[in-house]
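I'd like to ask you about the structure that follows.
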Amino acid sequence: MKEIGTARIEAFSDGVFAIAATLLVLEIGVHSPTGARLGRELLRIWPSYLAYVTSFLTIGIIWINHHHNMRAIGHADRTFMFINLLLLLDVAFIPFPTKLVADYLKGPGNKTAVIAYAATLLVMAALYTIWWRYARTGRRLIDPDVKEAELRAIDRGFAPGVPLYLVVFVLAFVSPLAAVILTLLLAAFYLPSATLFAER
Amino acid sequence: MKEIGTARIEAFSDGVFAIAATLLVLEIGVHSPTGARLGRELLRIWPSYLAYVTSFLTIGIIWINHHHNMRAIGHADRTFMFINLLLLLDVAFIPFPTKLVADYLKGPGNKTAVIAYAATLLVMAALYTIWWRYARTGRRLIDPDVKEAELRAIDRGFAPGVPLYLVVFVLAFVSPLAAVILTLLLAAFYLPSATLFAER
Amino acid sequence: MKEIGTARIEAFSDGVFAIAATLLVLEIGVHSPTGARLGRELLRIWPSYLAYVTSFLTIGIIWINHHHNMRAIGHADRTFMFINLLLLLDVAFIPFPTKLVADYLKGPGNKTAVIAYAATLLVMAALYTIWWRYARTGRRLIDPDVKEAELRAIDRGFAPGVPLYLVVFVLAFVSPLAAVILTLLLAAFYLPSATLFAER
Amino acid sequence: MKEIGTARIEAFSDGVFAIAATLLVLEIGVHSPTGARLGRELLRIWPSYLAYVTSFLTIGIIWINHHHNMRAIGHADRTFMFINLLLLLDVAFIPFPTKLVADYLKGPGNKTAVIAYAATLLVMAALYTIWWRYARTGRRLIDPDVKEAELRAIDRGFAPGVPLYLVVFVLAFVSPLAAVILTLLLAAFYLPSATLFAER
């Protein structure tokens, strides 16, 4: 029987990443204002745009990294597929706290909303680190052609993930808006930094 | 003309599995509480989280098994594609009873909601067994390279499916909450047990 | 530069088919009845289930045929991609009239709802026939290895499509329920009949 | 380690294009009229159909062009993936202004709605041009086998994009309906014109 390849894991993961990112737009809505007030309403809902862009870029960056790291993985086992499933479960959940941020960022409830959002991202970072640790320990699922130096480069890319989202989580208790903006900056700047540190 | 390959069946199936799993999050919602009550509301809707995790893992496990079993299948015919379509029809329906469980698990209507949920999963298990039986009988669609021992291992993986979901269905009449928790445990533990029994 | 292959057309088409089919479930909803009335409400909305199954199978059958017929097509041009896009535009629209059927089949407005539904399917059948005619005329996009007999078999599969959906459309003016049931039967029986007539 | 191929970028992009296009249908809805008024209501919401067709074809045409142009691209780097992600972020946002157009085109608020719609498409055209410029400058990501004449043909296809959507944007301030119709015509006629100018 053919071995468990990585192609179909990637296909399913790509699907969940793409759908979760695209569903985010459904969370944006105006409360049917009269036409004359539409312009003002579109400005008033700026937290929806901030939350949309932050979550879309965050999911996108995870996807790019998932793509990048899967290249080091030569085969999969069922435990790995289960960890991957838990990671996707968390990613697919992101639209819900994103909507909370969109709806509550400007008034009371903003701390609760952003704490829920940050907790979802922190769990994601933790699951993603476990995902990599499982595959990498003893080169369990690593393609034999991949060099140790390449694995260490990926390790360096993972290292700041959990600490940074822990900072976001703590910051949510102090300043919810700052925590969302930091999340956006992480997504926007993770790419170049990942290029600096994680590439060969 | 090229033969009906299995690649595009997998692509369409992966799509439906991934979308059905990701749509589940749309079922989670808070009834626009005031900000001060958001925290309490997020705790109050715990059945939404339970239903989300249960359905996501269940769909994910079916997907992993579908993936696993398709590797034994060498080609497809139209009847097989139709059975696969019925299976996907049931999987794509799961978000609806999931929402019923999320909305009604804590009050009157909980039996009705969980019975509908369990019935959907029982039909799924039955269709999936038919799916495998059709392909396997007389090695109708089996790849010639796959050994009988491998097929018997997959058979053993299928054997508990219908009986277990029948237990869930019966349990739904007695204790709806216990039926949902059993469904979650089945999804969470099916993976290791499948590893023990179904693998070479 | 690489030629326009058919693989990515299939990927995009598969995506739209799978998403349109899976979105159908979002159209099913109960109007938040009290728990005691949930069972009655779940029976009352039977048109939602009928509409869901009918549309899911119809989209699924088109997908299976699309899959089947793409195997005869060796390459694509931009006009073909545009016709394919119009076909997908119509397929992706199906959830809207499906919801109309679900909501109005049992009372006044049932004719209007089913006429809109049947018109959408008739346009689909017409666009799909144009899709095939364009590729097939003068073997414009046909793989050189495909025999004329195979093309004629596919022709026979297409022949009844527009007439049958025209019957559904006319029937919608007389008996909306009968028109929906006929649509379901077409989807359920098209597969075996296609096997009889269109296969080698 | 395997190089960053273009296959998975295409898979993720195809996913977002397909989902964004298919989600558009969720924006179409009738406000639960009584059955007797359903026919009138279905006519009254013509802006929903216009907005649906315009956005679906626009997303479809971008997808066809994305497909076409990816064939010239031999490999990807992280910056390119990030630009691609921003492009998808904008494409996935389209359902929101599409709904604004559907809801407000016929009354006050029509200018605001169509300006938001046109701005989204203008940003898309700009990001897409940057996407191509980045890959093409100094043949940074171009497949070595692609000839300069082919690249210049693609350049000619990109040239009118930003100016045309700028015209739509300006027109939105004068006549919102005309701006939407022009957008539809651009999508409907871009294909043949692209065939005339961009093909070998």
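For reference, chains read A, B, C and D in written order, and residue numbers begin at 1 within each chain.
Just so it is clear, a residue touches a chain if its C-beta (ideal position, glycine included) is under 8 Å from a C-beta of that chain, and two chains touch if they have at least 3 such contacts.
No experiment lies behind these values; they were computed from the predicted model shown.
The set of chains touching subunit A and also touching subunit D is empty. Put simply, subunit C has to spin 90° for its C-alpha atoms to lie on subunit D, with the angle rounded to a multiple of 5. Both copies, subunit B and subunit C, contribute mostly unmatched positions to the interface they share, with under half of the numbers common to the two. Centres computed as Cα averages put subunit A at a distance of 25 Å from subunit B.
One finds 36 Å separating the Cα centroids of subunit B and subunit D. Residue positions of subunit B touching 2 or more other chains, listed in rising order: 11, 15, 19, 23, 26. Going by the touch rule set out above, the chain pairs that meet are A-B, A-D, B-C, C-D. Within the complex, the subunit D residues that touch subunit A are 1-2, 4, 8, 11-12, 15-16, 19-20, 23, 26, 78-79, 81-82, 85, 88-89, 92-96, 100, 103-104, 107-110, 112-113, 116. Residues 10-11, 14-15, 17-19, 21-26, 28, 30, 32-39, 42, 52-53, 56-57, 60-61, 63-64, 67-68, 71-72, 143, 145-147, 150, 191-192, 194-195, 199-200 of subunit A are the ones touching subunit D in the complex.
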